[in-house]
Amino acid sequence: MNLEKLKEIVRTVLPSVDVVIGYKKGLDALHPVPCFLTSPDEIDALVLNPACMHNLAAYLPSLKNRAAVVVKGCDSRTVVQLAQEGLIKRENVVVIGVPCQGAVSVRKVLSAIDHQPVIEASFENDTVVIKTKKGEARLALRDVAPDKCLACRYPTPVVADHLAGEEVEPKIDEKTAYQEIREFDARSLEERRAYWMAEFDRCIRCYACRNACPLCVCRESCIAETRDPHWMSQKATQNEKMMFHMIHAIHLAGRCTECGECERACPMGIPVARLKKKINMEMKELFGYEPGISMDDKPPMYTFKVEEEKIEEHKIR
Amino acid sequence: MKKAGYLKKQKEKEFIAALGAKARVYAPCLEDEAVLFKPVEPDSVICLSRPAVSSPKSAIYPQSETLFSFRFKKDSEDPRRTLVELDDTIAVPDTIIFGARPCDARGIAVIDRAFSKTETPDPYYLARRAKTTIVTLTCPEPSTGCFCTRVGCGPAETSDSDVMMTELEDGYLMEALTSKGEALLESPILEDGTAYEAQAKEAQKAAHERMIKEAGEADTTPVDPETFHSQVFWEKAAERCLGCGACTYLCPTCYCFNITDEQVVDKGERIRSWDACMFHHFTLEASGHNPRAQKALRLKNRIGHKFVYYGEKYDGIIACSGCGRCIRGCPVSMEISTIAAALKKNSGTVSGEQ
Amino acid sequence: MSSEQLIAAIKNPYLPDLATVIGAVDETPNIKSFRVVLNDEEKMKRFSFEPGQVGQLSVFGVGESTFVINSPPTRMEYLQFSAMKAGEATAALHELSLGDQIGVRAPLGNWFPYRQMKGRDILFVGGGIGLAPLRTLILFMLDTRKDYGDITIIYGARSHADLCYKKDLEDWGKRNDVELILTVDANSPGPPIREGFVPTVLNEIAPKPDHKVAITCGPPIMIKYVLQNLAQLGFKDEDVITTLEARMKCGIGLCGRCNIGSSFICKDGPVFSLAELKRLKFEI
């Protein structure tokens, strides 16, 4: 990740936009935060490192004016999807792409350092160096990468007006991208149900997963809370929680760009992104479609064919 | 009556099991990587080594609860009419919150005032509260985001708990602070704690000093009204907020709620469930009008409630216990401590945010 | 008393009283009034409230919403509430028929400071369904007429069809101790009355502020301009009273929706003077 190159681009782009969305230092070195630059004086505060996990494209639909946004490969897919769905106008967004060498999951880092407060964090090539009261821990980036990175096929942004760095080759192929899901699918129905029921049990229905999702657009009409139709109760039962997560995942079929913000936002540590990935795998197999890859695509759930090549259940034999 | 008992670490499980025999025990339990306050079950793994992600408020103020049930019935005198029967009886179990932190206990004290010091006290909350005993652990180390001493709480603060437990080398000193606490210490599993009192006092003092070093002394400077009512201040402060609401659900002092009816065929319940002032639709009226339509206004309300409005009602008390959960749980690391500090200055910006 | 006995003695503020709908009036195409009596006759007999106080009406299975009690405490045969069809709860209320069972939690909130208005001239300025809370006070004042000076009512709606409480308007129009000025937006078919928005009509009438209290309620945008115009006419902030509404759930100042700073519209309101609203930095 090339910070100097990024700053240079931001310097060039800033006069033509109202705001540049990037990253700056946050509460500690492991927690950079999104920042909104409007003046050249602020450019030096920019940071760029594997802890810059946030999908900044999530802010785009709420901005009225012309904005530039720093995106990693995964985040760039959100830009494409938002534009495809008419939630943003592509011409109002300057995309500053950052080819990504891999990110870190704060949760995994904290787990590796026994949840000690971080005094200092630095990043060297494939290693994260964390200093705590107990000493220094050197963690391989791979070991603390969020699950989404382990299956990443688009480290280089799929759309970019400027690219801050050299293109990065994906480390895995299409088959292995869904390996984890296939392995999970191989378990029995009862096992899978038990797994998810245990996970959903700790859901507090805060809806952070939904609210942090750049593609969840229903707002007050979300069936989790709407009274008309009144599909779900507000009771904190396992069934209601499961229902919410299933609907959330299915509403993102052919739309989820696997940015993982839902999972990152979940305060309870429920692996909610895995559900969306499973749906995406199905979408890929059924319709040969991957969300947020090409600006000209039409998501399969937005189109209708009298005969779908791979759906046969309805055919009378 | 025992004023102080000593719980050997190897007897911790046995002690909790004994408590479990007479009450529902809420303790921080390990679930995957998350530490959550939950009713303890035989296979629960209790984790006291770091603050729980969620607060124990759910023991007294559950995520969802039935206010009353209703049932429709044909009028036997006039079959065209439907009558309604209501039932608001509730069963309240004895509950022990084990391993709360002083900030958790402070959080409950904050909610206590809201639900009791009013002309219309809340019988559901108060019934559970009366049957709850709070056993609090002295916080040995500050965690990321902790700032309890700045808001007048502290890692060894005893004022909101029934029992204070302090970790020593091979056990915990358990000190009763109330009669409920004394009753809880009536256990043959505990040894006499007198010999450990001095040692515990040392540990508490050290914990307090460590936190002061990390977070600073109590800041009693009042909020600057001009800054507080500045739209620009809140727009800047809320800029990166995703409005996800996780902060409010994790917060030990937040108590906003929703009330909804849930009906199946001829019967149903009126439910109270946690809700969040950070949600756009929280204040959205049926007409489409929304008095808090922007996230800046919602953030102002949330922080205003904790640092201004609550105190206006209750002797200047701050409705934030400095637990840092909202900071640690925020996907964009919003820092309530920084915003609160900036509110006290008349600089018009969120310091450290520029 | 033990804490358990104390708690058992608390009146459950969430539990509604069961009540029966004994009358329903279509006020306008989307506003309906309901007359209800509590099923418990003793309770109904003992029931007392002040003009301006609100109640929560429950349609069980749907939910609750808040309405002002718009019949005056001087006429206690029933309690009247009026609902404009907007959301789920009001839609369900509109479906009710005579004899149906609903829940009532009332009275809630504060009331018009009518005791302090004794001997003074009163100006009512209302728009649309905003006449509901004013109706309570108007009827109350007419029932205790000698306590007050001149009574002026300026009331407007979008069209003739949208004017609420037509029977009352007719009565008030006939009285010679009440001055009633009605207005509708332009191009409304019906008997000739004024045309123009309420704030504009207020300026045309230009009532003198001397010895007068102004009470206003209507859509937020109307209130906003009425408050501005009253100030221009020289009304003091303490002599301008309004009643607010907001999304409410608990009705007891707890659930967190309707607060303006540390004040809750459901509990500390809904009635506020302009002076109070300014102190609370409330902007309509």
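By written order: A, B and C. Residues from 1 in each chain.
The working rule: a contact is a pair of C-beta atoms (placed from the backbone, for glycine too) under 8 Å apart; a residue touches a chain by one contact, two chains touch by 3 or more.
Not measured: the values here are computed from a predicted model.
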Chains touching both subunit A and subunit B: C
Which of B-C and A-C has more C-beta pairs touching across its chains: B-C
Most widely separated chain from subunit C, with each centre as the mean of CA atoms: A
Centre-most chain, if every chain is reduced to its averaged C-alpha atoms: B
Centre distance in Å when subunit A and subunit B are each reduced to the mean of their C-alpha atoms: 30
Centroid distance [mean C-alpha coordinates] between subunit C and subunit B, Å: 38
Rounded Å distance between subunit A and subunit C, as computed from the means of their C-alpha atoms: 49
Multi-chain contact residues (two or more partners), subunit C: 62-63, 87-88
Where subunit A touches two or more other chains, by residue: 227
Where subunit B touches two or more other chains at once, by residue number: 258, 260, 284
Subunit B - residues contacting subunit A, complex: 31-34, 36, 38, 49-50, 53-54, 62-64, 141-145, 239-240, 242-246, 248-250, 258, 260, 262, 271, 273-274, 276, 279-281, 284, 327, 329, 331-333, 335, 354
In the complex with subunit B, residue positions of subunit C that touch it: 3-4, 7, 10-16, 18, 58, 60-65, 86-90, 99-101, 103, 220, 245-247, 249-250, 252-259, 261-262, 281
Of subunit B, residues touching subunit C in the complex: 67-68, 70, 72, 78, 80-84, 86, 88, 114-115, 118, 120-124, 126-127, 130, 229, 255-261, 263, 268, 270, 272, 275, 277, 282-287, 289, 291, 301, 304-305, 308-310, 312-313
Touching residues (chain side subunit A, partner subunit B) in the complex: 26-28, 31, 33-36, 42, 54, 58-59, 107, 111, 115, 117-118, 133, 202, 204-208, 211-212, 219-220, 225, 227, 233-236, 261, 264-269
Footprint of subunit A on subunit C - complex, ascending: 62-63, 87-88
